[in-house]
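Both complexes shown next keep chain A, but they swap its partner, so chain B is in the first and chain C is in the second.
Showing the complex of A and B:
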């Protein structure tokens, strides 16, 4: 078999033992890698109905088909577990050097079971696995942890995924960090913390076997050339944060906890402003010729010397959505999240919920007492210092508010509403417990159902249905009977990239067109050059449907019902007052209609369950047996 | 007629300005505005505008009055006096 070793490494933290599982080639043809393979491993290994923070949960890591090969932007891997934030599948993508060294270690995937009694780090040194006391690493931030392990061995080829203090303290919005990249959303860091797993290091020294090296080199060269051209120029020069001004002008920029879609100071937190005033340099993941990471640097003032990469999703959450127009405070808050191991999006949206709650009188200054501010502080929108302080409080569960917000918006609002008789759920901006991304879906009607039905909650990376809305392919303010198919189609399109995985920023570099016709034939050629298979357009297309289906199946097994595909209260009941998207909501009737259309397009029942025949058609007979209807 | 043209992203960097007030003859099409930009700001060619000097390089796109995106096959349509156009690079992610 080319492209794979056929071996999955299992590690049991409780018994401190390991074993090897072999998988047949047909299994790899079904699940490929990345989020699909990680989710399939989660399906096979996670105890159904388990508490996500109990030993029954399992960490599943799946390599990338193109990692360690010349294929541009293929240095990525997937991670899955049962999410402590949503109770459903938590699937994340990360990338860079860890993905490459995982591939070179010849493990197609790593599954981590059980729970350690004491803090532990695991070292996978090719075939050899060792367990090490990690008490010396506890309390270190993510970068310090990676450096400490690399320094101990004196080998920079050893790459490490780890958690920061947020994961150690079981914050449900904690992530996992490696090489400056994050396996984010859905609280993977808390799962690691619950197992007392501080770090997983890998050294891979072997080669990667590919079926047709000459063809792969030529294909990769052509893509690399295109990736240096205009199709990626925006990412290379400005990065994703250039979307701040776009979204603001379209009335879609979440502002003050999604109360508004325009921010009066958008220029001051824009990618353009960052480029002109704070950009230190650009950096790239391993195996990437694009280099989209814009490194922002605060050189002086109270937030100096903060430096880190600034993305749109981090920026909206920790600027406009908190009403903060001080770019330096935003950079500092983002850097804090990355250091401490917090998901920037969930952190920003959770803080904005707290700020709105403060302004509405639910919280007082005293509720924000913490070690640094024993008298508390006024957590109003626009208070950059408060926003920065709250990132630290959440990671350390410092004080009442730090402990509360570490639970994420859904749990925090439920707890406060129960304790205080309030209705903060009306502005708890999450779906299935996952905090929302930087697009207000009240005026993106196709995207609204993509978000509501998302298997990991409100996520723009898994549903790409904002694309036709924003680009004007459809009328984003209205609905029609095409939207179910469109939501399905865009979601499965994204799932192909997340499964190979390839960074989506390469999508125009195959032929100049980002659609299926422009990309799938070239992707089939890449797959075949690595594996020797005979994938075609249809086989590539099926990757996305299967990837999405295994995640949906996981959720059904965990008790999902149609009612879980919801939108936050605000998006149903409170239209924005100003901007290009003023006056719009997604009514409850509209959402139910869109869900009907979407389930029908997926070939599911009206209640959103998957017929056995559908699963068998996808080759997922064992899944059909368990959850098919 | 008078048109306000806002520039975001790479277009702003290439032009060195955030906004232009354009005095145009009646019947000027969106494609003509691209030609005008090519002539005035050659640095846009290759990144924002295709080498032909009259076609926007995807995902750059005109937004008209915050409500409507002008698609590639609509570039021969004409804006009206007082319209506000934004030239933006419209691809999401991050």
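Showing the complex of A and C:
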């Protein structure tokens, strides 16, 4: 078998033992890698119904088919567990050298079980696994942790995934960090924290061989060359934060906790402004020839020194969404999140919920007392200093507010509404508990069902249904009976990339066209050059449907029902007043109709469950037995 | 104080262009060993802190210290190209050459335990594969003279012509 070793490494933190599981080639053909393999491992290994922060949860890491080869943007891995934020599948993806070292250590995946009594770090040194006391690392931020481990071994090719203080303190919006990149969303950092696992380091010294190296090199070279052209220009020059002004123009830029879709100071928090005033360097993820990371640097003033890569999703959440027009405060808040191990998006959207609650009189200044501000502070929209302070409070669960917000918007609002008889849930901007991305779906109606039905909650990475809306393939303000099929086809398109995994920014570089006809034949060639298989267009297309189905199956087993595919209250009831998307909501009737269409397109029942025959058709007989109807 | 290079060509990296993607290492190891393995690459990327990144390969020093350091005369330098050749029959992996190299450009093969170094892909028609593949044109086959020339021209364009 090329491209795989056929071996999954199991690590039990409770008993401090390991074992090896072998998988047949057929299994790899079904689940490939990335989010699908990680989610499948979660399906196989988790104690169903467990508390996500209990020993019954598992951390499942799955390698990438192309990791460790020159296939552009293939240096990624997937990680899955039961999310402490949503209670459903938490599946993350990260561009990282960890993926490369994992491949070279000849493990296709790693499953971490149980809970350590004391803080522990694990070192996978090719085929040897050792457990180490991590008490010296507790409290260190993510960069410091990685450096400390590399320094200890004196090998700069050792790669580490770790949590920061946020994960240690079981913040449900904590993530996992590696080489400055994040396995983000869904709070998996808290799962690591609950297992007292501070870090996982891997050294892989073995070579990666593929079935047809000449073909792989030629294909890769052509893609790499295309990736220097117009298809990736947006990413290479301004990076993702160029979206700030685009979204503002479309009236979709979440502003002041999604009360508005336009921000009067959008220019001041734009990718262009960042480029002109704060850009220090452009950098790349592992084996990426695009290089979209724009490093922002604040050299002086109250927020200096701060340096880190600034992405659109981080930027909207921690600028316009908090009403903050000070780019330096935004850079500092983003860098804080990255250092402390917090998800920037969830953190920003949780802070904006607190700011709106403060402005509406739910909270007072005293509610924001913390170590640094013993009197509390005025947490109004636009207060950059408050925003930055809150990132630190959340990571350390400092004070009443830090402890509250570390739970994410859904739990925080439920707790406050119960304690104070308020209705803050109306502006708790989450789906299934996961805070929303930087696109207002009141005026992106195909996307609204993509988000509502998303298996990991409101997520723009897993559903690409904003694409036909924004491109104008459909009228984004109205609905019609094509939207269910569109939501299905765009989410399964995304799932192919997330499973291989390949970064979606390469999607136009195969043939110039990003659609299935443009990309799937080229991706099939890449798969075949690595594995020697005979994948074709249809086989590539199936990767996406299977990937999505295993995640959905996981959710059903954890108790999912149709009511879990919801939109936040605000998007049903409060139209925006200004901008190009003013006046629109997604009514409850519209959403229910869209869900009907979507479930039908997926071949599911009206209640959103998966028929046995459908699962058997996908080759997932064992899943059919457990949750098929 | 690093040893100076002189008249020979070597693969240089412009750190302002390098994005740290490591593709040079995959391609090098594949070219030299038939496997993708950065531990076997003759060029190595360095990422320090959040923005410092570059790649380093043999600088083809004149009167190369690695050659002088080798106690078994396993290393020889081509008088025309400056390329260092390692005689696998003589090398015993003692690593004196590694200690002598100021650039960290020599490594020990983890399998054979013998020294390995960049040979500018002298056997390949299209030259160093890392240069060919570098997506950001950060790598170049160049000489110190050419580097100096380039720096002078860049200076003139940026400081004199542009304003």
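Keep in mind that, in the parts below, the second predicted complex is superposed on the first by the 629 of 629 C-alpha atoms of A that agree within 3 Å, B and C clash if a C-alpha of one lies under 4 Å from a C-alpha of the other, contacts with A are read in each partner's own complex, and residues count from 1 in each chain.
Here, a contact is a pair of C-beta atoms (placed from the backbone, for glycine too) under 8 Å apart; a residue touches a chain by one contact, two chains touch by 3 or more.
Please read all numbers here as calculations on a predicted model, not as lab measurements.
Of the two partner chains placed by the overlay, only chain B lies in contact with A:234; chain C stays clear of it. In the superposition on chain A, A:414 contacts neither chain B nor chain C. By the touch criterion defined above, A:539 lies against neither chain B nor chain C after alignment on the C-alpha atoms of chain A. By the touch criterion defined above, A:221 reaches chain C but does not reach chain B. When the shared chain is aligned, no partner comes close enough to touch A:616: not chain B, not chain C. Of the two partner chains, chain C is the only one that A:287 touches; chain B does not reach it. In the superposition on chain A, no contact is made by A:129 with either chain B or chain C. Contact residues on chain A toward chain C in their complex (touch as defined above): 68-70, 72, 97, 100, 104, 156-157, 180, 205-210, 213, 217, 221, 224, 227-228, 280-291, 295, 297, 307-309.
Chain C makes touch with chain A in their complex at residues 19-23, 26-27, 29-30, 33-40, 46, 50-51, 53, 110, 133, 135-136. Of all residues in chain B, only 6, 8-10, 12-13, 46-47, 57-59, 61, 63, 66-69, 71, 86, 88-94 touch chain A in the complex they form.
Considering their complex, residues 230-231, 233-234, 237-243, 245-246, 249-251, 271-272, 275, 311-314, 438-439, 460-461, 466-467, 470-472, 504-505, 508, 512, 579-580 of chain A touch chain B.
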